[in-house]
Amino acid sequence: MKRPNARPPSRIIDRIRAFELRGLGAIGRGRNFPYLLLGIGLILFPILDPDSSHVNVAADAGHWILLALGLNIVVGYAGLLDLGYAAFFAIGSYAFAILASGQFNIHISFWVLLIASAFIAALFGVLLGAPTLRLRGDYLAIVTLGFGEIVPRVFRNASPITGGVNGIIGVDQPHLPPILGWNGNFGFNPVPYYYLILIILGVSIWLINNLRNSRLGRAWMAIREDEVAAAATGINTVTTKLLAFALGASFSGFAGTYYASKLFVVVPESFSFQAVSVVVLVMVVLGGMGNMRGVIVGAILIYFIQTYLLIQLPGWIDSAISALNIGFLTKLDISGYVQRSNYLIFGIILAGIMLLRPQGLIPSAQRKVELELGTSEEAVADLGSA
Amino acid sequence: MKFFVQQLTFGLTNGAIYALIALGYTMVYGIIELINFAHGDIFTVGGFFGLTVIGLIGLDRAPAALLVPGLVLVFAVAMGLNGLLGVVIERVAYRPLRNAPRLAPLITAVGMSFVLEGILFLIKGPNQISYPNLLPSGSVNLGFASMSLAAILIVVIAVALMVALSQFIRRTRIGRAMRATAQDRDAARLMGININRTIATTFFIGSALAAAGGIIYGFYFQTIAFDVGFRAGLIAFTAAVFGGIGNVVGASIGGFIIGIIIAMVSGYFQGGQQWSDVVVFSILILTLVFRPTGLLGMRVPEK
Amino acid sequence: MPLLEVKGLTKRFGGLVAVNNVDLSVEQGEIFAMIGPNGAGKTTLFNLVAGLYKPSSGQIFFNGRSVYPVRDFWSTYMPPLAAYYTVADAIRRGLGLGPMPLGLKTHAVTTLGVARTFQNIRLFSYMTALENVMVGEHARMHAQVWDALLRTPFARREERQVRERARELLRFVGLERYGEQYARNLPYGFQRRLEIARALATEPKLLMLDEPAAGFNPQEKAELMQLIKEIRSQGITVFLIEHDMKVVMEVSERIVVLDYGEKIAEGPPQKVRSDPRVIEAYLGKSA
């Protein structure tokens, strides 16, 4: 097949296309305008809303969004079910806590560890993935589930290093040189954390978007579609899946460092399957697997439900019931039920979405076609190696 | 020596429970190639069913003469109800997705697991709930050590159920249908086998056995909680893979072996209890990487 | 030196011998066809060459290098690897695992220059036609993880080139207007052509087509034959499995006939057509 070097591409068309792709040209045309508005709103938010607890909520939501974006790479792009995503989150958090706190009196800079923890988590991703990514999806899911359980348990039991059940208290906080009348200390003020996570999210979204539109992103889609055909087309499925796994893990580790420094404390209980792995999975599934916008929306929605709705709702129900004064309802302890319903709600969301609207709330166009119409018939000949 | 026998007994009884759960995993995987994540929670629900029936008929306060028939009733009812639960879950959550991309039924299974745990959590709360011990007390003197009667009974019941299952699969028409469907679904369909009903039967049996495991669990540990199935399920699944996924005998043997390994690790190693889960997980990974067919299996858990 | 050479190739599935001691060779630049009744083992042979199946015994050579057993392949490149294989084999035998896998992985075979299409079309249904072909270029691209992450100038340039080349390939097979269609939505004939385009994107030296004319009407068959000849004129060797005798006789220069996994005839179309064994194999089956 002759290479097309006989006909040089038209330079003007290419430049315009490149300009368009960079998005600058599109802003004035109104397609990206809502995002610009959103961006401005987000930047001004802490200034406009003086209540720092609101900013705190937003800053916390940020790391959940980051987690969801990372898991989306593994589950949404590459189609690998990772049920132990919390493990990398824990690794990132503990790595930071150990290397930047009073525990051993090591105090490496937050900024260095932010990057380092991403690499450390990626390394663990490779270690876990290398033997297991060859397995079928079901087995990968269980193995990652096991890994997700083991890691916090190891952290809980390795007391001399990790502070055991009580974890590590007094994790360092980031410092910046003073700017704009701010002394550069993060301390317990949520505002600098808010801006930090905003920047992190912005950069992450850009990075992940690049991934999706690259050779690697296409390879992931191909593997998700038909792994045998992908291999026959020259894709090294094992290394490609490993990359998805490792990249997803690195975002999780990244988020872990931010989380640890903001919370000031790291305890093993906060990294369980129920507390983190499933929640992030629900965010990704609800939002729309493989679609960044959807995943962000899903993350915000679930975060809102979990940290606000489910906490306030019992109180509201109690007030409503006592206000209405319907006899038997007060005896039913409805608010108690609501308080304990988070597992049930998550389960219903997961099963419900897959059964009723598998493309999630805001599907990517491709996923929509894929899941609504169902797969074409499975390969007739099972071409597994014998 | 006495300690060894004690740990061995502990391992065997645990192993019996794991084996009963593992059977469900292995049968379902064999027939539709899906790891039923909810199975561990089906085990828990079965235990709760048993508890409820015991409470309803007041078996914990019954005279000794009524114990055996009472137990039979408890087992029968709980296993039956649990079997139905398994069938319903398959019908509602897995059947619609039989032709969907692999990821879909997996996620649904995780969802169903959470639904079950959620319902139990909702109704029964987060705490451990006490379970009456209706097993015989006392022990048998073996000379070099003594073994509790309850343990022997548990193992006997479990093995009896496994043998019954094995015979069922090998001898009966339905069992043959199950095997055929597991090996080649389309061919089975062409032979006139009702695939849906066969799969439903598989789920029924697996869930019923899990219920038996749940009741035994309750008797032995005298407590139950909404989330015991999570850990038990993982261990039982490891046992199923270790013994050979898709193979009923393999699951049984695997269950006992894993149970004994856990007992030995927690008994003989300092702080072993904390690390027994790590051991189990390592067994799972090592098996999947080096001998994915397990001890006895023929199915390769790769594509 | 033949481009593809297969010696004593055998594949057993349990008790069933699907391919039995087959020798064949495909010369550079020819159009070579493999025919035989259904179940004769033709697709199995394809899968063996493409690295999807591991042979039970025999050898496969591509471009003079041993592709199976691959240790010879690696050992020619890096002698220390031969030592690695010996040690690894010993360890595995100690563990009761059987020897190291001897074949190249599927994607490695493709990278060497062997591309194939599938009997029942395995496209990436929910990607566009253009994307399907772009995936085909995966093995020939060089963008790495950081190029992808950071969208380096190199990556951007390469993406542009790859997209352009993919469009060229679509034009070559006549699908230039359907680039943005999801592969799933394309009519059957176009899907087959798309699969060929994707295979061509891997820059193969050998293109293996598994029943490319299945389900085609005579017009489409004629177009396909023309396409095959054009592919060959680009310097690509074509190895095809086909049931349609007209297509085979017209387009191929040499034919090999398989029956029950064994080679029963080989040679130019005229000679094979009148070979009594071939006639018996087909007549006997069609009853």
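In this document, chain identifiers A, B and C correspond to the written order of the chains, with residue numbering beginning at 1 in each.
Simple rule for what comes next: contacts are C-beta pairs under 8 Å (C-beta built on N, C-alpha and C of every residue); 3 or more make two chains touch, one makes a residue touch a chain.
Everything quoted here is computed from the prediction, not taken from an experiment.
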Query raised in the report: Where the centre of all protein Cα atoms falls, which chain's Cα centre is nearest to that point?
Result: A
Query raised in the report: Among the chains, which has its CA centre at the largest distance from chain B's?
Result: C
Query raised in the report: For chain B and chain C, what's the span in angstrom between their mean Cα positions?
Result: 46
Query raised in the report: Distance from the CA centroid of chain A to that of chain C, rounded to the nearest Å?
Result: 40
Report summary line: dist(centroid_CA(chain A), centroid_CA(chain B)) in Å evaluates to 34
Requested in this report: Send over the residues of chain A in touch with two or more other chains.
Outcome: 228, 370, 375, 385
Query raised in the report: What does chain A use to touch chain C in their complex?
Result: 1-4, 9, 14, 18, 207, 210-211, 213-219, 221-222, 225-226, 228-237, 243, 247, 366-367, 369-370, 373, 375-376, 379-381, 383, 385-386
Query - Complex contact set, residues of chain C against chain A - result: 11, 13, 43, 47, 50, 52-54, 105-108, 110-111, 115-116, 118-120, 122-127, 131, 134-136, 138-141, 143, 145, 147-151, 155-156, 158-160, 162, 164-165, 168-169, 172, 182, 184, 198-200, 202-203, 234, 236
Query raised in the report: Along chain A, where are the residues that touch chain B in the complex?
Result: 75, 79, 81, 83, 131-132, 134-139, 141-143, 145-147, 149-150, 153-154, 156-157, 224, 227-228, 273, 278, 281, 285, 289, 337, 340-352, 354-355, 358, 370-371, 374-375, 378, 384-385
Requested in this report: Name, in rising order, each residue of chain B that touches chain A in their complex.
Outcome: 29, 33-35, 37, 92-93, 96-97, 99-108, 110-119, 121-122, 125-126, 230, 234, 237-238, 241, 271, 274-275, 277-278, 280-281, 284-285, 288-289, 292, 300-303
